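Both of the next two complexes hold chain A, though its partner changes from chain B to chain C.
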Partner chain A sequence: MTAVIEVQDLTKTYKDKNALDRVTLSLEPGAIYGLLGRNGAGKTTLMSILTAQNFETSGTVRVFGEHPFENARVLNRTCFVRESQKYPDDATPRHAFAAARLFFPNWDQALADELIGEFQVPLKQRIKKLSRGQLSAVGVIIGLASRAEITFFDEPYLGLDAVARQIFYDRLLEDYAEHPRTVILSSHLIDEVANLIEKVIVIDDGRIILNEDTDAVRDRAVTVIGDAAKVDAWASGRDVLHRDALGNVASVTVLGRLSAAERAELADAGLDLAPVSLQQLVIRLSQKAGTPAETEEVR
Partner chain B sequence: MRRIANVVRLQMINRQTFIWTPLIILVGATLLSVFVYAMIPVDTPKYGGAANAPLWYFLAIGIGAMTYTFPFSQALSITRREFFLGTMLTAVLASAFMGVLFLLGAGIEVATHGYGVNGYVFYLDWLWEAGPFGAFVVYFTLALGLFVLGFTGATIFKTWGLTVLTISWVVVALLLIGLVFLATRLGWWGGFWEGVMTLGALGLALWGLVVIAGLMGISFLAFRRATP
Partner chain C sequence: MIEEGKPLFLQIAEQIEDSILDGSLTEEAQAPSTNELAAFYRINPATAAKGVTMLTDKGVLYKRRGIGMFVAAGAKDILLGERRAAFAERYIDPLLAEARTLGLDASDLAALLSERAARTEGTPA
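Showing the complex of A and B:
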């Protein structure tokens, strides 16, 4: 398949700081990408440049094979609502949705109406008086109902409560199944979106340090659970990412793939294998990539 | 072209901004003037400048169009050129609406003999020298000029920062002072006022439109590199 987004040696410099540092990426159509990284890693800058909201300092940017700047053919097919999106002064959600309807060729009003109900967005209240969660919901609704071929969601869950977040994830998957498109979901809460994303892009300090299928990333490590003494004995000498213990049961995540023989050996010893936390893995991989390992926390 | 027309619709989506608020300011300022006129115990016609009140609001919507509506337009995947042309077209339409209101106000004043108190806000002699068309153009130009000034200032601020904006103002002020200095030294003032009188309000407004076109050019150049 041909890539919908192709970026080569993309660099963005603010005064003396590199927000993006020689980023090279290629995104296929019809997938949900997770763009993961710490705050300030360059997620929003990257998405801004891909939608011509911001400008690259150097490098090449191709979206649908063309540069997006002042290019209605390309921009028409993309949607990027920022996490800190501004709306016209005194505008209400009703105004915002009516405006979005004017510009997105695939806009689905019925879907927008449903989502407005589910997220309980107050249509007649001024946007600047909305809560953080309601503000996020306005952006999420525009993103989903635009049905743009490339849709960016920038930390869409901010301020949303658990119920609203689940609605977003469910409706995204549901609508994506019916209308496949390219979705780029930026997040610093990795486990929160881990089950949603098919591909993982990790950006750290302006550099791409991982761009792989989520399953392939998960295969890079295993979590072994069982009797603490046995687990620790098995894990000694291995590259341990994470260890949890409760009573005499321990769970240890180690880097590396297991051979069939190793798996059999584990089963014989009465130890279980469990899915790996993408978050633990990404944190560790980021640190391995030579970034400062100051904290264990990606959040 | 359809997308540019849609930008006009986007700007007009909240009719409060371009229509109701200026209208309320204008009616309010006029009413205040009428009450004040009614208190002044003279029989000669009374003139006031209340009609300029909503024009200053155009400076504010010019700034708002850049600082709030532009970032929103980016989320709607509108190109900068489409947004700029659509926004300027909106400003032209809204300014023309103000011009029509100005004519209507003057009509009311003539018909009611200055609201029955011989007081005038719109029907000001000098502005009406060139007839209704002239008065319309003058008011239209002032509204459009303030909008474009606000938009250009906000664009320079967003694109190049506060320093460049401040320097721009200083440069403009220096140029004006320089002209005043020259005019005083070379004794041009007599000729200047004569020129102003010959040009009349309409002539000045037409020159104003030339300046506005120049400002639009500058703001478009700055706007192309603006980020939300």
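Showing the complex of A and C:
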């Protein structure tokens, strides 16, 4: 399969900080990707560069085989739903949808109308006056109804309540099933999107630290709990992501898939096994990579 | 319904297998489509498809072109064989491990088993 996005040694430097550090990626068509990572890890910078809203310092960027900058052949096939999308001062949702309809060749007005009803977006109110959730809904509707071949959703759920987020997830899956396309979903709510994404990319401090099939990662790490001495003896020499202790009970999360024999061995030793969710794995991997906490999102 | 730490496609395959084993999905009946599975379990359609493919590879499901997936004749026997082979490891081994912790030996377990079995047989579900 030909990649729709190919990035090689992509580096973006702000002053003396690398927002992206030699990122190399290749994205296949027709899959839903999860782009996960902490604030300031470089998610928005990466998506901005892929949609020509920002520029690389060095490296190669190819979207549909071409550089996206001022390239209509690329840009009207991609849709970037930004977390902080700006609209003209007096624009209403009706204006925003009309503009999107003109811009995106695959725009589906019937789908947009349905979603406007489901998310209860007031069409005639000025966007400036919308609540955070309504603003997010406008972005989500444009992202879904544009049916762009590549759609980026950058934390599209801000201000959306649990019900509205579920509508978004359900409609995304439903529409994707009928019209397969490449979707890149950046999110902090990892547990909520874990089952939706076919591939997971984790970015930390500007570097890609995980890029795999989500399902292959589900049993990638395991937590072993029990007598501290036994647990530590078992874990020594393994790739330990995290350790907690309570009295003489320890809980150690290690990277690596266990064989049936290893599981039996642990059971015989009286040690318990607990699964590690995608969210926990991402947290542990990011901590292990040793990023100091970021306070500001670098844009 | 969906648990952590286990590939989703396996879980989807197992759910379909369970339906075949308990008779809610009979042989030659139409199995749910990939998109139906994806919508019901709220998972990625590609993952659901992988679970279905696993079952076709095993000969449990087969495809009728343009119609959908169906349960193969003999599917239940294939699954019964598999599940029986895995039964000891899946159920007996953990049972023995817990019994050992509690100081129960194999003869205690045998007595407990026949006692409980007699009770459940006395009160049909």
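Keep in mind that, in the parts below, the second predicted complex is superposed on the first by the 237 of 299 C-alpha atoms of A that agree within 3 Å, B and C clash if a C-alpha of one lies under 4 Å from a C-alpha of the other, contacts with A are read in each partner's own complex, and residues count from 1 in each chain.
Simple rule for what comes next: a residue touches a chain if its C-beta (ideal position, glycine included) is under 8 Å from a C-beta of that chain, and two chains touch if they have at least 3 such contacts.
Just so you know, these numbers come straight off a predicted model, no measurement behind them.
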For this session: With the two complexes superposed on chain A, say which partner A:Glu174 touches: chain B (first), chain C (second), both, or neither.
Result: second
Seminar exercise, completed: Winner on chain A touched-residue count between chain B and chain C: chain B
For this session: For A:Phe80, decide between first (touching chain B), second (touching chain C), both and neither.
Result: first
Problem set entry | Touching partner for A:Gly270 - first (chain B), second (chain C), both, neither | second
For this session: Have a look at where A:Phe55 lands relative to chain B and chain C in the superposition and call it first, second, both or neither.
Result: first
For this session: Using the touch definition from the top, say if A:Ala245 reaches chain B (first), chain C (second), both or neither.
Result: neither
Exercise. Once the shared chain is lined up, is A:Leu123 touching chain B (first), chain C (second), both, or neither of them?
Worked result: neither
For this session: Once the two structures are superposed, pull the chain A residues common to the chain B and chain C interfaces.
Result: none
Seminar exercise, completed: So, in the complex, the side of chain A touching chain C is made of residues 31-32, 169-170, 173-174, 176-178, 195-198, 214-216, 218-219, 222, 260, 264, 267-268, 270, 274-277
For this session: Provide the residue numbers of chain B that touch chain A in the complex, in ascending order.
Result: 3, 6, 9-10, 13-14, 16-17, 64, 67-69, 71-72, 74-82, 224-225, 227-228
Exercise. Which of the residues in chain C end up touching chain A in this complex?
Worked result: 2-9, 34-35, 38-39, 41-47, 50, 89, 93-94, 97, 101
Problem set entry | chain A residues touching chain B - in the complex, by the definition given at the top | 48, 51-55, 70-72, 75-82, 85-92, 95-96, 98-100, 102-104, 139, 142, 148
